[in-house]
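A short write-up of the structure that comes next.
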């Protein structure tokens, strides 16, 4: 039994980032797919993302995870750019190395004012359960949001 | 009774970022002061850091907080570039707006293999206890580290 | 300049626990002081609280910290028993041993629907900054709450 | 391809709790199954576990989740009672109500000194993905542990 369709599509989300998040431009993250309550993003490896140890940096992985959760939240609320991170926790489980990364965010709870989800990050070409990082976070939803 | 001096100074830490963290270049964060177990950093406001809502983005604040904790860890271990974030949690408490931000990291625990600390982030020119964000995190210290 | 008084006092909070939280009876935690946005609680050492390593257990410390944050939230909202933990993170920094513990909770943010705070736990008789545990957490406030 | 067997079984773990964790006695939690890197526990509903709102309390859910992660850690290390929680984060997603709860812990990373895992908690008789709580946590493993 399929649920309701996503309230935003990948192209609309990418346009939001391109037009309203200047840092996203150089970052290079792509939205692969958005379905209701879920989003999958891809961060192509780029040497400028590394830190000592020759691995994609923690802040780059946070940015990927936070962006993926933002997409998942908007898949539920529709285009509500003012949804903001209330809190986010990341656990780094294995080195990202010089790899392109995939992130899949999934909403676990969608209240009127708060959406909670988790994000799994792994290396492209490897098994999704060999996690590079696991994040959980909450987004505050603006009170006027027309959550369908 | 003063404790031991910091095992790294601000200039050395800034050089580490400049030479080994390419993303740090465009980011513009400055190390104001490092003492034993503490570091204070400053992120000048830059329009490229914003997100919808006209406020410095969550990823920018994470990057500032994570970098501040890295500096505090190295103030204890000495120049151990391979110290890496094990986990990090950020709570966003009020909007950063279009403000220059200050971050102060403080170690709470320094074991042989794990250092734990907290980071407070506030707007420059405002009271330090009007927090924009509060982070807590753990860094894994390489086993060969010569923790003094 | 003193702020508004606490919206609940220690005796009222203790009565709430005694009458509506059966587990609190055997636990033995005492509310020392509630001021606006703050609460200080005390957990007398009791051999039944230990775990292997002859130290007060993690769940006992969580219970103390969560209860302290509950008191701090009610100091702001008034007697709203239905305020519930949305999330809580605890970092264990040093062993509690066989010690009576003190906990001080402090609100960092009080929105209409969510209150965020931190809790510091230390051994009675030691310096408050030699932390046994640091917790941060968020409480969801019922929508009808008459936040003064 | 089956992995190595669990380094501890459910009966041994229950005995550890019974003999060394006095609080576990009244708590009533049962270990249903331990496999390598995983543990499933059950907390029968008991009126003494409730809090205002007529629901199993947050501390009771924390205790269940922390105990499940402890079991999963020992399934990897063998009987190392001194493995201790380094940090734990719980997100409460829906009310537990007056329900018996199930918890499944799964290790995500097992280093020499730190094991990281997640715990899912749901109501017995409901779908496991209708989560009551999601926890992630890290356990510190004693240095002498004979991790097989």
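Going in written order, the chains are labelled A, B, C and D, and every chain counts its residues from 1.
The working rule: a residue touches a chain if its C-beta (ideal position, glycine included) is under 8 Å from a C-beta of that chain, and two chains touch if they have at least 3 such contacts.
Since the structure is predicted, the reported quantities are computational estimates derived from the model, not experimental observations.
Undergrad: Quick check on the contact network: minimum steps from subunit B to subunit D?
TA: The fewest steps needed to get from subunit B to subunit D is 1.
Undergrad: Could you compare the number of C-beta pairs in contact for A-D with that for A-B and name the larger?
TA: Looking at contacts between chains, A-B has the larger number.
Undergrad: Using mean C-alpha positions as chain centres, tell me how far subunit A is from subunit D in Å, no decimals.
TA: From the centre of subunit A to the centre of subunit D is 28 Å.
Undergrad: Just how far, in Å, is the C-alpha centre of subunit B from the one of subunit A?
TA: 23
Undergrad: Which parts of subunit C, given as residue numbers and ranges, touch two or more other chains?
TA: In subunit C, the residues touching two or more other chains are 86-87, 89, 91, 116, 138.
Undergrad: In the complex of these two chains, what residues of subunit B are touching subunit D?
TA: Those in contact with subunit D are residues 86-87, 89, 113-114, 116, 138, 140.
Undergrad: Quick one: in the complex, what on subunit C touches subunit B?
TA: On the subunit C side, the touching residues are 89, 91, 93-94, 108-109, 116, 118, 131, 134, 136, 138.
Undergrad: Inside the complex, what are the residues of subunit C that reach subunit D?
TA: 16, 20-23, 26, 47-53, 57-60, 62-63, 66-67, 81-82, 84-92, 95
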